[in-house]
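Have a look at this one before I ask anything.
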């Protein structure tokens, strides 16, 4: 006799999912996975030095930054903590912009730097309004640092960092930007938003493995870090030390993560060859089609409106009576589609569907809708899937 | 017309070396490299959770530790800094044992913890004498923490950590051990040396890629960390946060380095299948044969005597008039054998030959001797290679 | 200014397709691809001999054959030609059953063996009727060999080989079965159909790379081959020589294709671990859902009726006015879905959609329908996609 | 208690050898192994067609042939049989040149073509003398085809194919050349020896996996094949059919071995980038150094003299009282070096050491000598290894 689970199961939970649509780490592009098994080179040897140097070149092209970007051998949470520790000095007045848990969490590192913490906080389904920042800066002319999370992955919302960055620059303050889950999925670059420090990572829209972070520090940023008496040295939190990592003349004994470096290298090749515009278009189109389908199901997304909805992650509110764990399990066990639970404010109230890197294709939006509608139907929330798909495909058609 | 370099070159510097005998990162075992291209799983999904949990099991078997070891997503320098930051509290009295640059460098992190720093320092070609530690502890009964680097890779010397650890335990102090380049290459385990915190890594004797660190914290260690008011939280330096990494219930958003995790997993399988005893024997025999050949060349090793010479790295003093860069370049360009320059005290005065993981085979000791003798001869320091090989092979034969 | 092609293109033709739904070679399972980069072992060395022997064991389990199966180092066309050359002797009376181009092509090898050729031929959208075989055998009691292609991939039709095989066995004749694109996608095994020689391959429903063929020869089959004075020897067409390939004691210098052997090995592990019943169910369900959607579009399949429609390939007749090349190009360039053109009788008149190995999942049936409906709509043949998906999903739901 | 085997064993027989020095299949270059796990493309799709076409371009550059070479999906024994079957017509008078078992074996395929077989045969440690061919052709003006094996791998001897080819061309006959284990290891190309058909493979000096053969057919060759009424068609033995394999317009349903194709592609890149001259030099130098060491051991090679000794394989005669199986097992179990047993005339009388592809490095010649001397010493045949290495290294030094 079969249990209910067996009766409805089409796809084994022991197999990797057929389609992984999480908000990262994403399943890497096949070419990236392939690159990760290149032979492991010794990091002081010429062939590796040449590869690493070419990688930084490509990274600079992708980031469109005037300065030379850095790679830290650790996921972006390391880079963000190091950014706070390196840039913020005791006595700094820091405006932390909060529209979700990642923004909120940054405050902790500000406090640790013995800086003065100020915050603008909006509800977690909204975005920071540049006007509020302008007003705040006028009221607090001594603010020296502003920090923001570009894309709050737990909420699927995007903050207008270019507008905010222009205000910060005009104010003469330093801007720290967490662009971990937005860079390479939409039109965002460190210099466009006047970032002093801009942090991103390979395991989201670049479709590469986790384990590294990418940091662009502007000229003004370096100046402030070098002048900061509390900027760490001989530390994994030292951006000054990391600047030399991967180079023969390095003083601090960082070893680079060679497989991950190879993966990032291949991911940048793909990104630049396909063309950033085309990659962003894929992300945008996939998210648009998915949101249209979600609306056609009578569901709503977490973000207050389409304008601030992320092109790289959609957070879908659960209809009442539906448990996220049941829905996620059904989507995986019937159609092999893996999506994520909510996190922080959205935990238990929403599911999250990533449209990042290799997942950013209209076909995968359709697949996500199919699995979602099926899962809801199995849980008693009947969905007319035909109409949903029709709506989503209309969005796709109109884009072309 | 050829330049001198072309005339003597047999092996292209654009190719990866034929044989990489550095003290790490080592060229990984073929099976490990192969494992690194396994599909990238989503870290919250069941198949990954199962893999990760089995990996920690294997690690515990390999470490022979009572407690459950942890993996940090960063190379061991992160783990060592985190160990210092997490364990050492303001007011602690720390005895730092120094026999080379890694030991020396640890002092910086002790100071940062606002602890009282005391040191025993020996010349960089010698090892710490347990008797001196016993005497010191007697004289300073209020010492709460002792720190040591087991194998000073820059010098090729080994400290007697089991003897020292017994003294530290009897004293009631906490022992921090850096076993990065010794574990899995010789008979050393955290509980054998009564370590409160024992740090090692995958990219040395385990023959896996860098990018991770392995940490075993004893019961007493956890107790002290939990009681430490300055132990970091919400930080990459927090051992308390790292304890939950890779688990579904984690609070801090660490993402694991999946390719590197796959590589470590395969490396542990190899280590346990071959049998630790046999792996240590390979390391020991390779180093012994190499040292015998070095002696037969009329050269000397850095370590004061054979007893403290490392089974995982041999540091060979350069004869006068020989530049390390010339010698290293010749060994690579003629026989494709890559060795390392000295570091710290040995920089410019010695070359370093690793016998780690896949490099720990008697055949590679012979190859290293061949390339070394040839390089020296090319530089005018004629070596009777025949005798050298004969001596080395005699050592190998006697072992069997 | 954009051309029409640019306007409608969403997916680059320079990238591998997002989803390859051809009737083989199929994109291999990720685990199989991964296995193909295992280190290349020397074929006479013990580790390889052990691997090869275990592989033949697994193959025998998968084929459920009393005898030990063989692997030929060449795709199945080699095996089929070798089967004809080895089994059929001058003077044999061979009944060749023809329901499509593969069946038809076999006749050539019968003639080459100086045998007497008789044929039953049905239209290429039909299957052989066992009754017609029974009648034919009664009328021609001297028939010694019967040959059939189980699944005519160009037509998507299945012949009832178990029923036919029982008749052939009762008649005392030898049965040659081409099960290349059916084995592992449905319930078919050499002994179930009394095959003297049963040929299949790894690059269809097993989801492994091409380059090999799998051959099961029954006891009676070997007897006839050994008695055949014209059976080749010292030849790639000699089944007698191939019997020894991969073994140390082999006489003829066949070298095995090690990467492909590794791939087949991993594919058999997957097949046996998932369970053959479950694998067949996946194939069947995917094809059923796809056919239902095709019918809902108002299109028809090539096969005369559902009963003979293949669970591993669906051949869809093109509506009038639609060119296959246009439709295939649109499906690929808009949704990244690759399907195949017709072949032989179906060339220019149909497209072929494979449901083999990793492609045999209900989600992929939906994706194929989405891309097909979109392509037809773009070509002016408007399809109400919503209804199509609804119908297909109903089929999937009913199965669970 | 340990057995003798355990006492002397340093290297597990369950592990792949540390160094595989067989006369093929060789352990492939790391870059080639890596290429073999590229995603499997569908063979009719554009990206694959482009890759295949570029591969044939590279092959033509490597072969330096006027005509377009072909790839057959089967190891070279298939190509050689196909060459005989396609070129030789009933009534042809074929001169088969025999200096070892591969040459001898070709006769069988000549007879099968109903041709008239004539032979020049020399002892298996000698090479064909061009003068004897000249005399023979004068005596038999009606000879239409001449066949030869360039490198008899079982014997380690090389035939002078360029000189012979010039005679054959002057005579107006067609020359079939088996260059399987010589091409890419020395200066040999199809047009240099006026070959009508020239067969080689990837698994020897190119350092790629087995499973394919490479065939260059000259203009005259194609003319004769097209005029040959018995040239096979619809057959794996048909060079005419193979000509179209891998192309969209192919008529016969050959599927290419994609992983092997990817491997060959990477191997050709390596060959052309390193430069053929340099690759041949490596092979030659490795073999010379090894032979010098063998002579210094007081052993002799199978080849009658150095002039005909192969640069890609050395066949070493066993001293009396030494069993090949014992010696091979010891070399593998103590130093991890795998060499091959003799074959045909050399079976039981010699061991064979390959210097092919990645094995063609002077360092590996030294390693082979070390393992060989050690093995002989263990079997009671004491060798003064020091002198042996000294002699070999002198040869290496003189080359630079």
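Going in written order, the chains are labelled A, B, C and D, and every chain counts its residues from 1.
Simple rule for what comes next: a residue touches a chain if its C-beta (ideal position, glycine included) is under 8 Å from a C-beta of that chain, and two chains touch if they have at least 3 such contacts.
Not measured: the values here are computed from a predicted model.
Among the remaining chains, the Cα-based centre furthest from that of subunit A is the centre of D. Chain pair with the larger contact count among B-D and A-D is B-D, by C-beta pairs in contact.
Look at where the CA atoms of subunit C average out and do the same for subunit D: the two points lie 35 Å apart.
One inter-chain figure worth recording: subunit A and subunit D are separated by 53 Å, centre to centre, where each centre is the mean of the chain's CA atoms. One finds 44 Å separating the Cα centroids of subunit B and subunit D.
In subunit D, the residues that reach two or more other chains under the touch definition are 15-16, 30, 34, 37, 39.
Every residue of subunit A that touches subunit D in the complex is listed here, in rising order: 30-31, 34, 37-39. Partner subunit B is touched in their complex by these residues of subunit D: 7-12, 15-16, 18-19, 30, 37, 274, 278, 282, 285, 334-337, 361-363, 366-367, 370-371, 374, 384-390, 393, 396-397, 399-400.
Partner subunit A is touched in their complex by these residues of subunit B: 13-17, 20, 22, 24-28, 33-34, 36-37, 39-47, 73-75, 77-78, 81, 105, 108-109, 203, 209-211, 234-237, 252-260, 263, 338, 340-341.
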